[in-house]
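Right after this note come the structures.
Two complexes come next, and they have one chain in common, chain A, joined by chain B in the first and chain C in the second.
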Partner chain A sequence: MSSEQILIVLATAIASATPLVFAVIGETISERAGVINLSAEGTIMFCAMVGFAAALATGSVWLGFIAAAVVGALIALIVAFNAITLRQSQIAVGFVLALLFSDLSSFLGVPIVRIPGPTVPAFPLPLLSELPIVGRLLFSSDVVVYASYVLIVLTWVFFYRTRAGLTLRAIGEQPNAAFARGADVVRLRYLYTLIGGALMGIAGAAFSLDFKAGWSFRHTGGYGWIALAIVIFGGWNPLRAAFGAYLFGVLQSLASVAQDQFQGVPTQVLNVAPFALMIVFLVFTSAGWLDRLLMHAPAKVRRRVLQALHTAPPAALGKPFVQD
Partner chain B sequence: MAVASAPQAHPLAAAYRLVAVVAALVLLMGLVLLVGESPTAVFSALIGGAFGTADQIGRVVNTLTVLLLCSAGLVFTFNAGLYNLGVEGQVTMGAIATTFTLRLLGDVLPAPLAIALSIAAGALGGVGWGLLAGVLKVYGRVSEIFAGLGLNFIAQGAAIYLVFGPWKRPGVASTSGTEPFGEHLWLGTFGRTEATPVGVALALASLLFTIVVMQRTYFGLRLRAVGHNPRAADILGVSSSRHLLGAFALCGVLAGVGGALQVVGNYHRLIPTISGGLGFLGLLVVMLAGFNALFVLPIAFFFSALNVGSLQLPLVLQRVDSSLSGVIQGVLVLAALIGRGLAQRRAGGTA
Partner chain C sequence: MDVELRHIHKWFGAVHANDDISLRVRAGTIHGLLGENGAGKSTLAKILSGYITRDSGEIILDGRLVDIRTPTDAIRAGIGMLHQDPLDFPPLTVLENFMLGQAGRRLWLDQRGARRMLASLAERFHFMLNPEAHVSELTVGERQQLEMLRLLALGARVLILDEPTTGISAEQKTLLFAALRQLAEEGKAIIFVSHKLEDIEALCDEVTVLRHGRVVGTVALPCPAEKLVAMMFGKVLAEPSKPHTTQDDIAFELHDAVIRTELFDLHIAHLAVHRGEVIGLAGLEGSGQQAFLAACAGVERLARGTLRINGQDMTHRPYRDYLAAGVCYVPADRLRDGLIPGLTIREHVALRAPRGFFVDRTYTQQLAEAAIRTFNIRGTPESRVEQLSGGNQQRTQLALMPSPLSVLFMEHPTRGLDIESTLWVWQQLIARCQQGTAIVFASSDLDEVLRYSDRVLVFSGGRVSPPLSTTALTVDQLGHMIGGKF
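Entry: the complex of A and B
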């Protein structure tokens, strides 16, 4: 591959990863507070439809994004009510919502299938886009992409450098201890689940108004499931989750390049391959086998690798909060 | 991440369930009105689409057989406390194994023997894929939810690869699937409909088997014990890992046979979306049934009728998409979950 080709692959990867970045950061926030929002597949797909429809109706892409965020938060509200107030299984309600809103996007989206609509305008950042290589790679796209960079950094700072972020992590790890120290666990879990849902809604709009502009039947199929997997891959850390999203973007981008190189392999297979690969990688890194494999490595290497790959989920993830 | 316990009988439960169903119906009518169609027109189109002709009834029966097999299998995994989202992949792998066997033996052995062997191969394909998720869960500590989703993507990739690659129709490869098998390799049918007696027999037998195992055997009892509290079960001498693997294997067998029926009874070839979403739909059926095998048959029948009936909708009423069936199914299950949660909250019990 020439350096020009590599640059194209990376640029495509960043573009295709951007919606996923919003989704994985949203899910990470929600799960860090202790609530799994398994509805991602349905939320992203439905909000992609809603965002596009709203932008089409109003002529403003930004109103499209706002509509998608609001609807994403409303779907998350159903999850939160079931999980936090009714203390029901988060998996059950999330799974039902994933299927329900996927189908609802097809049902309500009929009038806007394959209609041309507004898209986010390109906006190369002055000066920064002039930089060699990085300028073309990072700073020559649009506001949505730049917003995703800011979101990653802000979320990391919030998690690890602010008091509120500490509380957020505490209610997902030790809700009773956090409660004893004055945190309103129920209210905060609602808040972060809704914020997470709004970000997933934005992820949907980032598909239909930017990366894969427009709406068609099951437009974002598969991306919700992959976002959930990437959150685990990212060890519930916003930086690593974003890295996972970009890695997935690179896989997809390489798959589209490979279509020219391997004529024998049907394109349809290459389209599914990144999804399968990503999950295989997740399974491999989270499985206990890695420990056994690393037993033979020098202690220093072992510690490093385990630190990099091994993470535990928030201790209270998926469990309803019952005051001691 | 334990599965919520089955609904406990208490006085308020029935009232809440009724309110939930009514709320769901009102919501659905609102959605139909929103797209500019009358609920009664949609209702009669659905009934007509499902039961209008013998052909359509046959299709409902065929869908039902596969859905029953998946649901029966999922009763085991749900009761063992597992969210077996890999069931879709197990159906797909069953269908692939069946197609492979029929391609290999279809013209060598007498047709009935080849068909029987191919269904057995489907069961093997399903059980292999189910056990893979089980091994990842039990020995690799990978959540069955994500192992299952990953295995679904791989199974789907395999089906797509085979349809567009090695098994493509001479000349053209397309989403319509592989070259159809000769009619001698199709399962016999009731009269001129598509419904197959063998499929019906297999589905009913599997459901009966599931009910008997869950309600009349120690294995069923121990499976429930593992589902409620694996650690306690281990302490009392019930090996949780063996029972979890057993549940994955049983579900895999039944889902694999479901996949086999999709090939020998429904499509007569392999298509990329061979599972037809019936595995995921089985998860909804069993959730709505409160994990109780006794309620599976009526719910699965209703859902199958919706699936087949909705296919006609866009032809009869332009503004209504066939995805309405999935919307109805999802809203009903969601309402049931919320209704159950509200009842438990009122009763002061914990989930």
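Entry: the complex of A and C
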């Protein structure tokens, strides 16, 4: 591959990963607070439709994003009410919502299928976009992409440098202990689940108004599920999760390059390959396999590697908070 | 701060957990709260610290009536509690745990200020805490130290400790007691909840004894131990004595074995355990005793070496072969590894029934009732195991042990149990030895190790000592060896 080709692959990767970044960060926030929003697939697809429809009706892409964020938060509210107030199974509710809203997007989206509509205008950042390589790669796209960079950094700073972020991590780990230290667990869990849902809604709009502009049947199919997997891959850390999203983007853009190189291979195989590779990564970084692999390594090395790679979900993930 | 409780009542369903409890703790003193499990000590401690809301009664601090309904209320009033299972956040760092919940309204975490405060508090009590370490790497004793410093930083003037000496090393206990005395001298009120007589006697100025949710009486210390025991149980208890039960033939043998733990490899050149013999494993928690027991019981694989049970080579055989050979493993975490939360005593009995597709209800009911009678379990066949108290869970585990039994591996056989249950458990274990069962047990209670073992293995610094006879061994010697001086 020439350096030009590599640059194109990477640039495509960043563009295709941007919606995923929003979704992955949203889910990470929600899960860190202890609530699994399993509706990601439905939320993203439905909000992609809503965002596009709203932008089409109002002529403003930004109103499209706002509409998508609001609807995403509303779907998250259903999840939150069931999970936090009714203490129902988060898995069951999320799953049903994922199916419901992805089908609903097809049903309600019929009138806007394959209609040209507004898209986010390109906006190369002055000065920064003129930097060699990096400028073309990172700073020559649009505001949505730049917003995703800011989101990643802000989320990390929030998690690890602010008091509220520490409390957020606490309520997902040991809600009882957090309550004992004065945190209003129920209110905060609602808040972060809604924020997470809004970000997933924005992820949907980032598809239909930017990366894959327009709306068609099952426009964002599979992205919600892969987002859920990337959150795990990312060990509930915003930087690692964003890295996972970009890795998936690279795999996808490599797959599309490969389509030209290997004419004989059916396109379906290459389309599905990134998903399969992601699973391989997930399996490999899970500690069980690594344990066996490192069985005969010296104890010190084993411990170091495991510590670096092993991540654990928030201890209270998916568990309702019952004050005793 | 002076603390006074007046006529506290608390019901849990039909159980009167606190029945008209009145209590007075003066500032600058250490006040013991003594009683067997289920006497209502923890309930009372939790009421005072806001984790449980009282049904009626008054809490008076320094002569002022206060209403405490949440832990936040309590800490605002200057009352902090250290729970038996530390209420902290294992994946977070020491510093993060320390900062969580500290007062302040600013957006940013003040890491530098918190680190300075933690260091100066730790220095005052000679605690060694690395602010960057994750709490999951700490021992129970260190987590307790951290929690104590955190509460002091929040301005606690009354400190309640619920069974603080369970699961901590002898050194940590000395450090803890010194810190508590220092705090009392500074004018703080300390409430020390325990079922361990010797700890109360060593530390407290006064003790209030609870039984069945009621106050039996408050006495100044020192006071004869027999009197306190009589107050706790309403009767006098006798210690079981350990007869000589070791036989000649070998029940369990390890040869040239390597047992892998997360941190180090344990090497055992040779170990032969005789029928009827009791082997105690001494050492700081996490020195490999658990890995040793799990490997010996066939739950984990030996990395190297051979393992024989009753002369038969069992190395790398599946766990069910160990069960068939009469091996039983009783882990420390009763609800995680031992029993199955959510299932009743009858269902546990039914699970052990060897064959048949259907569960024979009447039969298992009879078995469960018999077990409850023989093992004196406070519960019914339909009680779910997680509803039982720690002592009754341990009784249930013992009731589920198969018979006959060649080798029994146990972790902390009496951890968290009151004196009566502890003595009872050992009576049962000694009875097993007389039938020829070999017992290998780990305990952090050195007195227990010395009293009941025939020989001791000391675990220290990633190594295991050769077996040592207990006849000429003292608690002091054992303590030194645990410190790494073989």
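Here is the rule we use: the second predicted complex is superposed on the first by the 312 of 324 C-alpha atoms of A that agree within 3 Å, B and C clash if a C-alpha of one lies under 4 Å from a C-alpha of the other, contacts with A are read in each partner's own complex, and residues count from 1 in each chain.
The definition used in the following text is that contacts are C-beta pairs under 8 Å (C-beta built on N, C-alpha and C of every residue); 3 or more make two chains touch, one makes a residue touch a chain.
Since the structure is predicted, the reported quantities are computational estimates derived from the model, not experimental observations.
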If we overlay the two complexes on their shared chain A, which of chain B and chain C does A:V186 touch? Say first, second, both or neither.
neither
Next on the checklist: A:D103 in the overlay: touching chain B, chain C, both, or neither? Say first, second, both or neither.
Outcome noted: first
- Task: Once the structures are superposed on A, label A:L166 by its partner contacts, choosing first (chain B), second (chain C), both or neither.
- Result: second
Contacts of A:A299 with chain B and chain C, given as first, second, both or neither: second
Comparing chain B and chain C in the superposed model, the one touching more of chain A is B
>> Quick check for you: in the superposed arrangement, does A:V265 touch first (chain B), second (chain C), both or neither?
In response: first
After superposition on chain A, the chain A residues reached by both chain B and chain C are none
Seen from chain A, its contact residues with chain C in the complex are 161-164, 166-167, 169-170, 173-174, 176-183, 295, 299, 302-303, 312, 315, 324
Per the touch rule above, chain B residues touching chain A in the complex are 1-4, 31, 34-35, 83, 85, 136, 139-143, 145-147, 149-150, 153-154, 156-157, 160-161, 164-165, 173, 272, 280, 283-284, 287, 319-321, 323-327, 329-331, 333-334, 337-338, 340-342, 344-345, 350-351
Interface with chain A, chain C side, in the complex: residues 51-52, 71-72, 75, 87-92, 96, 99-101, 104, 106-109, 260, 262-265
Touching chain B in the complex, chain A uses residues 38, 78, 81-82, 85-89, 91-93, 95-97, 99-104, 106-108, 110, 222, 225, 228-229, 232, 264-266, 268-269, 272-273, 275-276, 279-280, 282-283, 286-289, 318, 320, 322
